[in-house]
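Next come two complexes built around subunit A: one with subunit B, the other with subunit C.
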Partner chain A sequence: MIVKLISFFGSRTCSYGAAIADFSSFIMSIVNSFKYLKKVRFRTYYEVIINQTIFTGVNALIIVASIALLAGGTVIIQALTSLPKFGVEGFLGNLLVIIIARELGPLLTALIVISRSGSAIATEISVQKWSKEILSMELIGIDTRLFIVLPRVIASVISICGLIIIFDIVAFLGGYLISQTVVYISLDQFGQTLINAFTFKDIGAAFLKGTLFGITIPVICCYYGLKPVSKFEIPIYVSKAVMRTLFVTIILNIMVSIMFYV
Partner chain B sequence: MTRKLLELKNISYKAKSGIHLDNLSFDIMHGESTLIFGPEESGISELFDIIIKVTKDYEGEVFYKDKNIGQFRHQELLEYKKDIGYVHGNYGLLSNMTVKQNIALPLDYHTDLSEEEVEIFVETVAVLLKLTHCLDERPFDLTASEILRTAFARSIVLDPDLLYIEHAFENHCRMNIKVIIEFLRERSLRNDKSLILINYSPENYIDLVDKYIMLYDGRIVFQGTTENFLSTDNPYVVQYKKNSLEGPIVIS
Partner chain C sequence: MKRLRDRNPNEFRVGLFILVPITILLMFILLKLGYSLSGSTIDVYLKIDNISSIKKGTSIKLKGYDVGKVVDLTPVYRPALHFLAKMRIQKDIELHEDCSAIILNQNIIGDTVIELRNPYRRGKPLLEGDVIEGLEYVNLEELLKEVNKLLTSVTSTVDVLKQISLESRSNIRDMLANLSNSVGAVNNILQKSQGDILTTLSTFRDTSKVLNEISKELKKNPMKFILKGKKEETQEGKTK
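Up next, the complex of A and B:
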């Protein structure tokens, strides 16, 4: 029994080790490709960047705004009804900034992008690999590491940072409007508490999170997208891409919060 | 036709599938058109991966224009791949791009031609290969021969010195791909452009190629000119031509 357990955990550790080494070599190959960035003609990248930004950013606006509205409304209603009970209603702005701007905005935006675009990136690339489109690009002399990953990273950073701003604005304003159905608070008072609570640190943290999520989501999804060697493996790796990106995103979110606020 | 364009020297390789290459050596000269044939699992499919260094764990050396490709670094390898036009049986057209974008991709990526110049270039190739009617369509809207012609157009826009066509003409009516064959015939007259054609029907291309190589069990069992191919009594070639199961070729 003990031998079996040791063997099980040993093999799991080895496979995690091998996976981390493989991912590291993928990252290194991208970094190596960056050395030749000056030889790249960016006109071939523009269309991919624009298409990816439209899909990841513009097309996600409605769902991000809807979720922001609901999340903002819930937080504001809870805050406005609960804070007075503890006599700390003056901290409304701080609480909103802490919950919505610092944590919910970046994290929920990232989750939406992972579920929409992350899965789409992994699926698109694995299908392209299976149908030998990626091989064809390599045979044209295209550096596929850069051609596939770089435009998606640029589009993703732009989209996520933009979506976080929109999420926060909709969550605050929409949430305020929803809260009016439960309790009354004037817009001036609401706005002033928010302005007082916001610091540059919050804005910096949100943008850092947006940038890190914008890099990690496409990179991990591209990595898993390039993994399948048969059609049968495509859904397996797409699922892995989504779950592992989710996990890494939450870890990154915590790390940035610790870095800025602890 | 005196200088070597591509040289494979003592290539030995064993794939995980068990298919192997056994001390394989041959040259492709500038301006030479070569057809490589042989039954399945003879090692032909492994050749291209070795030539473009996708497979690295082989013994021997590959030289392209007198340079050892084993010593190519990342950027040199990309430049080298650019110099080889490749069309394979799966075609590999980018499904999220139109025919025009697929053909223009190598030009956009590798050249400094302006957008207008690229467009003119693409239209010229499209006229040549009878693709003008479907330039704005995506691959899933095309017929099989249109897909092949688009993949072929993409492989020739950079005017590569070596064109490598691997099982791309199988399953196509010769009439539908006549424009490609005509293009290859004209190209074969140039003494600076070479062709490697991989095909299961070598007798269909006697008017197109100068040299035949037959592989079996990872070895070259026949190598000669078109005349040699037509008149040889090599038992491997004879059995292959006859489509017979009796002879030195054992089909498992």
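Up next, the complex of A and C:
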């Protein structure tokens, strides 16, 4: 029994170690590919970046805005029902900044991007690999690391940073609209409270989170997208890609919050 | 614009997607730095001796309404160390150059604000770069120190009064006892001399009757009354 338990832990540790080593070698291969970046024309990636930004950023605007509006409203509803009514107008801005801009904005945006684009990236690359498209590219001398991963990272960073800003603005608007049903606050006063509550540290933290999420989401999804060797493994690795990215995103979010606010 | 949009709609959409958040962010940073997008602010300076309660971002209010904020604090070393707080105020707010600025706390735990007050007799309007003088500095800490000092003084006065009352308690008791004795003595005297008083009063009454009779007699025969005594004297002289 004990031997089985020890061997179980040993095998798990070895498999995790192997996975980490494999992922590290994948990252290193991407980093090594950067030295060929000078030889590649930007126009090669341009279309991919545009298409990826359209899919990850522009097409996600409606869903991000809807979720942001509801999230802002929910935060304000909770605040107005839990906090005392008198004098609450002075704290709504602070509350929205603390909850929406610092935490919910980047995290919910990342979750939306993971569920929409992360799964799509993993599936697309898996299918490309299964249909030997990637092999063909390698055979004609295209660096697939650069051609597949880098444009997606750039598009993802642009999209997530843009979506975070839009999420925050729409959530503030939603919060303001909901707050009008209970307490009257002029838009000027609300805006001033928000501006006073915001600090450059919040902006820095949001951008750092956006950049880190923008790098990790496509990198992990590409890593798992390149894994399947048969078409039956595609859903397994897509599911793994989404779950692992989710996990890493939450860990990164906590780490950045600790770094900036603790 | 339409041609550009039609030529490559994806590029146009991505461009918009990048530009809109960047514009929002820039606007926000400008507002955070205290700039107004419409250019409707002026920068004026506030001369202060102490910056312990003022910091960048401190609100400036007029009649409780937010009219601007402190955007910078600069030390001035001569003639004596003081500070200039750069205040960015809305241009459309009517302020005069001899207005006063009072640093005060919004409430007991609230942030410090600068309250601007226009003078009763208004002078020239406040212009860009003007320095507001005559600052009245109300520091909550100082105020609490003063209140504490006052309370200490009141407590010591009450202690002194208490001591005095304790010391003079026996004297007051003696005085009250003496007063009681004196009242008793006066009462005794009044009781003892009650009979004498009645006799005196009856004598007064008799005397008044006699005087009444004399006055009646005098009214009836004044000459007889006057001469009566003389006749009696002469008769007495004759008999002698």
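Definition applied: the second predicted complex is superposed on the first by the 252 of 262 C-alpha atoms of A that agree within 3 Å, B and C clash if a C-alpha of one lies under 4 Å from a C-alpha of the other, contacts with A are read in each partner's own complex, and residues count from 1 in each chain.
Simple rule for what comes next: a residue touches a chain if its C-beta (ideal position, glycine included) is under 8 Å from a C-beta of that chain, and two chains touch if they have at least 3 such contacts.
Remember, it's a predicted structure, so these values are computed and weren't measured experimentally.
Taken together through their common subunit A, the two structures put subunit B and subunit C side by side without a clash.
Of the two partner chains, subunit C is the only one touched by A:58; subunit B is not. Once the two complexes are laid over each other on the shared chain, residue contacts for A:16 go to neither subunit B nor subunit C.
By the document's definition of touching, of the two partners only subunit B reaches A:36; subunit C does not. In the superposition on chain A, A:247 contacts neither subunit B nor subunit C.
Figure note: vertex subunit A, arms to subunit B and subunit C, all at CA centres after fitting on chain A; angle 160 degrees, rounded to a multiple of 10.
Looking at the shared chain after the overlay, A:139 reaches subunit B, while subunit C stays out of its contact range. By the touch criterion defined above, A:44 lies against subunit B but remains apart from subunit C after alignment on the C-alpha atoms of chain A. Of the two partner chains placed around the shared chain by superposition, subunit C is the only one that A:158 touches, whereas subunit B remains out of contact. For the pair subunit B and subunit C, the least inter-chain C-alpha distance in the overlaid model is 16 Å.
Subunit A residues in contact with subunit B (one complex) as well as with subunit C (other complex) do not exist. Residues 52, 54, 74-75, 78-84, 86, 88, 90-96, 105-106, 108-110, 112, 115, 151, 154, 158 of subunit B touch subunit A in their complex.
Of all residues in subunit C, those touching subunit A in their complex are 10-11, 13-14, 17-18, 20-21, 24-25, 28-29, 31-32, 57, 59, 66. Residue ranges of subunit A in contact with subunit B, taken from their complex: 32-33, 35-36, 39, 41, 43-44, 124, 127-128, 131-133, 135-143, 147.
Residues 50-51, 53-54, 57-58, 61, 158-159, 161-162, 165-166, 169, 189, 191-192, 195-196, 198, 200, 203 of subunit A are the ones touching subunit C in the complex.
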